[in-house]
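Listed next: structures, encoded as structure tokens.
Each of the two complexes below includes chain A, the first together with chain B, the second together with chain C.
Then we have the complex of A and B:
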């Protein structure tokens, strides 16, 4: 049945054109500046651009914190669901699916409202210090909270798929009967078998945090994506150059993930 | 779990059982507490704020439906309908194009092509946002490469319009559709087609009576998923069009930051609640469809 008919070629050619032309055109746009001829200034100026390094570092720090938080919260809970608390499974299922119903912008609006309670109602209580601390512009912890919530749905699915492939109770029983303590059984018997799922979760979280714009912009912080938009007003070539580079880096990351863990079927629900 | 333990007397087993059950609850607890704080609290605040009105002179707050009423009138209603229309049109187009692409790839003999397209789809579907917007601005924007070289502006092309935005949205919606529909297409058994052929069915009849009914839940599920994805998108639109296309996400951002009118924060929360309701409806439609399509693909 698999004949190479003209229709198939037409579909593939159109798709190829549509998906490749914007990338090629972006590169041309940054290199071929009207009135200046071909120049690579846009790329050489990236490193020295105002705010580039600080915003990129902020994004990377946020990503590291988010990945750590997601794994620390999700892995013990997911393993426990397989071992001792299967009754909690529907609860966790619902909790991890709920963020899909709340679009990021609605989450940001809600978080903004909660943050305003600080100055309005709590200024005399010790909680107020917490509110100030999590909004520290040099490391806004409140963004980590938002990103972990946004990462929950796919982290849940990735880890669940990984755990389904291994027999957790037997692994733990075996480790325990060989004299391992609970933490040892978890870290040395279960986690190595989950390597693929853990990597999957980490990479997808990294991609999410590096590209996230909505929450950060509405809460008034300036990680990478927000910086690109800010700089685009004055330096169009530079912002497109950075966009192209960040597209390529993210794609390289996700392709590495796809190559490493077999074909990933985790469709985003972004 | 205790069944596999050696029978070492009733008392130790019972105590061991108790000792083991505790970590189960304890390990799930941080996750539940975290979501209650980081997700439940903002959600409650949104709900509460959407129904709260602050008296302009007294400053006293009271509960009313006026924010929700405001969010369903005038410019806000236009934006909400604009978002629904944009999402519906782009989801429909992406569903048709994604299905064609997935079909072309799935029935292809070249395994490498299939793997490449599926991997690329996984990458592209996870990608939207600011860089995508700028790539399209550089390509088809007012001073974009294609616009300049092909003279598209003379033909009335405008990236910062309804159809311009759809062109951009398709870039991540089509791959998402390919990812969603490929398992269903792979589940179409070739002997179903052969059986239909043996009974004298034409290709059209096969699609109409066999393939499409089996694919229908997955197709609808994919459509609903694409709609939700396009509906919630903000970054791409914000980086690209500013507010030349009325979209509910852009209105929420404007209302929060007080760009247009001051003191509209609670209307923003009411608009967010409207969005949550639409997204909730979408998920309520998606989950049963997904379960139903899973039945055929076992």
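Then we have the complex of A and C:
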């Protein structure tokens, strides 16, 4: 590691202040109640707060479904792209970057329009039931659809970086000459070498879904982020406490994912 | 199972390979233009040629990674053109390092056995034997990134042999290695191939590699076979001018063809093999067949000398500007410094003639 000279100390301190001061202020705000001194009531009340568990669970379920959908869609597509049509890569690159250009609010407005328009025109067809089903408030699948689109740019970049690091065609051919069928070659020879990229994709998607507010709010569902905002109107301290907690939870998940990836790698190398 | 019984098992079923009128096009490029070639059981056949001559395509057709537009590939007389790659029974070593990065050396070698659902203990034991065979018995637990390039290719070789394939395919396996490793691995591959008696196709663009390793060398050009012969015959009696110039060093000396004899350097020598229709021809000579002697009135001059150890290669420029390369023993060449006037002559033997270049 490079030596920490005074200049580097200074930069580190500035960066630290920039990140830690707001965080510390939040924590102080939640524990220092005027007139009562330091108390952790805000945190203890979280669990019993109305809607906390259900909204958090909903967000985690949505995240799991989105991660599964993104990986199932993107991994085979990107591997096929490498093997079969490398010339199409710029096209896919642009398509996957489009969600960055379209603001979530436009996406949500468009989806809202379709969701209103669809049932009216399709009321006599079986599609009507589909529209109802994907808006089921206990598991709004329509949000998964939106999140998959929103996660595409991150998933594309994470997977592309992973695939760049390995020679997919040669690995597949080597596996095939060792008697592996196509699916076996992908599962046994390619996927294990994409572990890091798969974890990155999963984590980026998880972070995106846990923090997503615009689309869920505009379409009228209440996952975690929407719940925090709703609750902040009535119980400001509680909502900040939840934010601090969700930050810690996200860090914990990140560390868990990284630890999982790192440990199994060293274990298999040992 | 001991190594010897396994070796026998492989040797007993050494396969023949035959390419029949193979044709393969990639867009406008014709990679193979009617290739006919037969590989004998247990031999090491080198496919040699300049880049783009279709040698790798031929190998990949045999491995099942490409499919011919026309023609067929036969292994032991059976057409395997429609058989998918993973059922071809062909072990392959690739030019680029192709080990699975997430598996240790022993697991890499055992990969094929795992695909065949061989039990863990048994496949690890067999993989260990194979690693021993390529001289890496103690490196089994290493991961590819902990091995040198040469070691990685040895592991790849062991992996290719793990399923006891009927044919072994080597696609320029040495070209990514440095010169010294290349030499030792060359000998090692040859030793293993002889021990196992496995029919082997070896693709290379390095003529020295092909000549030193192979039982027979197939020289390819523009998707066709030029000549397939043992190395000594290829060198000594090249069938075409292309083979003559591609294999080893050849000088072209202008001559005048008269029937079946050719007049060159003031000598009249019989022409060897097919002769071109035009009287103005080039005579193709190997540097070791050229005699050079100092002569005050000679109209040829030594323009360069290159010390090669036991021999020294002289470049001699004739009066008409033609340059001829000649290998002399270093002792003889000592008297012939650059600038010396010399006389060049050829031994009284049939010479190869070709249509005049340019």
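In this text, the second predicted complex is superposed on the first by the 234 of 270 C-alpha atoms of A that agree within 3 Å, B and C clash if a C-alpha of one lies under 4 Å from a C-alpha of the other, contacts with A are read in each partner's own complex, and residues count from 1 in each chain.
The rule we apply is simple: contacts are C-beta pairs under 8 Å (C-beta built on N, C-alpha and C of every residue); 3 or more make two chains touch, one makes a residue touch a chain.
If you're wondering where the values come from, they're calculated on a predicted model, not measured in any experiment.
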| item | value |
| --- | --- |
| Contacts of A:153 with chain B and chain C, given as first, second, both or neither | neither |
| Chain A residues touched by each partner, larger count belonging to chain B or chain C | B |
| First, second, both or neither for A:173, with chain B first and chain C second | both |
| Partner chain in contact with A:188 - chain B first, chain C second, else both or neither | second |
| Chain B versus chain C as contact partner of A:140, first or second or both or neither | neither |
| First, second, both or neither for A:162, with chain B first and chain C second | neither |
| First, second, both or neither for A:223, with chain B first and chain C second | neither |
| Chain B/chain C common contact set on chain A | 173, 268-269 |
| Chain A partner contacts - residues on chain B that touch it in the complex | 1, 4, 20-21, 23-28, 30-32, 34-35, 37-39, 41-46, 49, 97, 100-101, 104-105, 107-109, 113, 115, 118-120, 122-132, 134-140, 143-146, 148, 170-172, 174, 176, 179-180, 183, 190, 193, 225, 228-229, 231-235, 238-239, 249, 252-253, 256-257, 265, 268-269, 272-273, 275-276, 279-280, 283 |
| Partner chain C, residues of chain A touching it in the complex | 166-167, 170-171, 173-181, 184-185, 188-189, 192-193, 195, 268-269 |
| Residue ranges of chain A touching chain B (in the complex, touch as defined) | 1-2, 4, 7-8, 11-12, 15, 18-19, 21-23, 25-26, 28-30, 32, 34, 72-74, 76-77, 79-81, 83-85, 88, 91-92, 95, 97-114, 117, 145-146, 148-149, 152, 169, 173, 182, 204, 207, 211-214, 217-218, 225, 228-229, 232, 236, 239-240, 242-244, 246-247, 250-251, 254-255, 258-259, 263-270 |
| List of chain C residues in touch with chain A within their complex | 63-65, 84-88, 90-92, 94, 96, 98-104, 111-112, 114-116, 143, 156, 159-160, 162-163, 169 |
